[in-house]
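Presented below are the structures under discussion, each in the form of structure tokens.
Heads up, the next two complexes both have chain A, just with different partners, chain B and then chain C.
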Partner chain A sequence: MKILSLMTAVLVGAVLIYGTLDMPKWGDPHSPANTHVSPYYLHHSLEHTATPNVVTSVLADYRGYDTLGETTVIFTAGMACILLLRAGRKRRGKGDV
Partner chain B sequence: MIRDSQDVIVKTLSRLLVPFMVIYALYVIMHGHHSPGGGFQGGVILAAGFVLLVVSHGLEQTRKRLSEKAAGVLSSIGVFIYAGIGALCLILGGNYLDYGKLSKLLPVVPAEARSLGILGVEIGVALAVMAVMFTIFLVIFTVGEFPEDDRSEK
Partner chain C sequence: MFEFIVGHYNYWMYVGLMMIGFYAMMAKRNLIKKIIGMNIFQSAIILFYISTSVKKGDVTVPILEHAHDGHGAHAVDIMHYANPLPHVLMLTAIVVMVATLGVAVAVTIMIYRRYQTLEEDEIIMSIRRG
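What follows is the complex of A and B.
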């Protein structure tokens, strides 16, 4: 069973690595992202959002939905910490006292 | 449990330091439009101020300023501000999180409204991040102790 799992992991890993071979090189100025999306944001960010910092305008406006998800992830992490760690504390408290 | 520190140097220094940390955190949040920064970074700096309070002035003193319950509520409010601004844009006739539509409520042009919308969601993010960081710190710090029950005994 272990060998089967290892085989599966190695196989999936190999497929994923094979998939990355087609991707454009890191920082390639002719990649699709750098020829269409990035110049559009750089040119229009100030007139669209009146925000000089392009990073902020992309993070909170163009990609606002993504940032909402990030905030929800952080919120969920906090709630999970409370639920997991405080639940143990309460139960042990009742048992000890 | 962390109790009130008896060290005068630590207490005085942290008392001097915490207000500046809060001011700097607010600066990082509000100045995210012009410089590196924003809700996530500013929220973490805010939480660091509270962590410094816990370390220097003890858990009880810090709880008086921001209780665990209040931190939980604040984190929900932060996410609610973000999602609420998005829903507000939806109600005003735009897409979800399309801040340009906020210009119907605010006396500014759509581009400026987008800038203000970004500021609004950054404040929401900062609140959520600050409260969650503080909550995680407290919960991990006090694991295995029962401060809620201890308080009455001491």
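What follows is the complex of A and C.
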């Protein structure tokens, strides 16, 4: 079983490394990720949102609804934790009695 | 060839880190070790994304300089600031990572309370015994 997992990990790693051979070089300022969409935000975020921090303006303004949904994710996870731990405590209490 | 290795070895480091986490998730029997593997896996993805935002040269964090002077808005040199979008997306991914970690640890605590062990094979034995 361990050998099988190791073989799977090595195989997937080899495929991923094969995929990185076409990636742009590290720190290349002309890579597609750095030239395609992000210049728009760097150019316009100050006049659109009046915030010098571009990360903040994208997170809280352009993607504001996404951040709102993220709070739902955190809320759901917190509720799941609370319900799980409370249910466990109650069941164990019943078993002890 | 040497230039190619220098330009790409960071990706190979992330692949290695990711596969360490993947192996831990598959092969380890202890549930806490599986959760640690999941965290290593997610951290490798986050490092990979952050590394795509790097630009070599005279680059700082994506906070615009002279933003409040009144004349900074029109002359933004994009080669002077790191790419902000991977940072934003990974902020979202970190939130999801924390949420999954919390739920996973809560479920693990429940399993420990029910079976008094965290070893997978012992849990399966306990279930088979009924």
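Heads up, the rule we're going with is that the second predicted complex is superposed on the first by the 83 of 97 C-alpha atoms of A that agree within 3 Å, B and C clash if a C-alpha of one lies under 4 Å from a C-alpha of the other, contacts with A are read in each partner's own complex, and residues count from 1 in each chain.
Throughout what follows, a residue touches a chain if its C-beta (ideal position, glycine included) is under 8 Å from a C-beta of that chain, and two chains touch if they have at least 3 such contacts.
What you see is a predicted model, and the numbers here were worked out from it, not measured in a lab.
Novice: Quick one: on chain A, after the overlay, do chain B and chain C clash, or do they fit? Just give me the call.
Specialist: Superposition check on chain A shows chain B and chain C fit without a clash.
Novice: Figure out whether A:Leu6 sits in contact with chain B (first) or chain C (second), or with both, or with neither.
Specialist: second
Novice: Let me test your reading of the model: by the given contact rule, A:Glu47 touches which partner, first (chain B), second (chain C), both or neither?
Specialist: In the superposition, A:Glu47 contacts both chain B and chain C.
Novice: Is A:Gly78 touching anything from chain B or chain C once the two structures are fitted on A? First, second, both or neither.
Specialist: Both partners.
Novice: Of the partners chain B and chain C, which touch A:Leu68 in the superposed model: first, second, both, neither?
Specialist: first
Novice: When the two structures are overlaid on chain A, which partner does A:Leu21 contact: first (chain B), second (chain C), both, or neither?
Specialist: A:Leu21 sits against chain C, while chain B stays out of touch.
Novice: In the overlay, answer first, second, both or neither for which of chain B and chain C A:Ser31 touches.
Specialist: It touches chain C, and chain B stays clear.
Novice: With both complexes superposed on chain A, which partner does A:Leu59 reach: first (chain B), second (chain C), both or neither?
Specialist: both
Novice: Of chain B and chain C, which one touches more residues of chain A?
Specialist: Chain A has more residues touched by C than by the other partner.
Novice: Closest pair of CA atoms, one in chain B and one in chain C, after superposing: how far apart in Å?
Specialist: Between chain B and chain C, the minimum C-alpha distance equals 8 Å.
Novice: Can you give me the overlap between the chain B contact set and the chain C contact set on chain A?
Specialist: 47, 52-53, 55, 59, 67, 70, 74, 77-78, 81, 85, 88, 92
Novice: Along chain A, where are the residues that touch chain B in the complex?
Specialist: Contact set of chain A toward chain B: 47-53, 55-57, 59-61, 64-65, 67-68, 70-72, 74-75, 77-79, 81-82, 85-86, 88-89, 92-93, 97.
Novice: Hey, which residues of chain C end up touching chain A in the complex?
Specialist: 3, 6-8, 10-12, 15-16, 18-19, 22-23, 26-27, 51-57, 59, 62-65, 67-68, 72-73, 76, 78-79, 81, 83-88, 91-92, 95-96, 98-100, 102-103, 106-107, 109-110, 113-114
Novice: So in the complex, which bits of chain B are touching chain A?
Specialist: 32-36, 38, 40, 72, 75-76, 78-79, 82-83, 86, 96-97, 99, 111-112, 114-115, 117-118, 121-122, 124-125, 128-129, 131-132, 135-136, 139-140, 142-146, 149
Novice: Considering the complex alone, what residue numbers of chain A touch chain C?
Specialist: 1-2, 5-6, 8-10, 12-13, 16-17, 20-21, 23, 25-29, 31, 33-34, 37-39, 41-43, 45-47, 52-55, 58-59, 63, 66-67, 70, 73-74, 76-78, 80-81, 84-85, 87-88, 92
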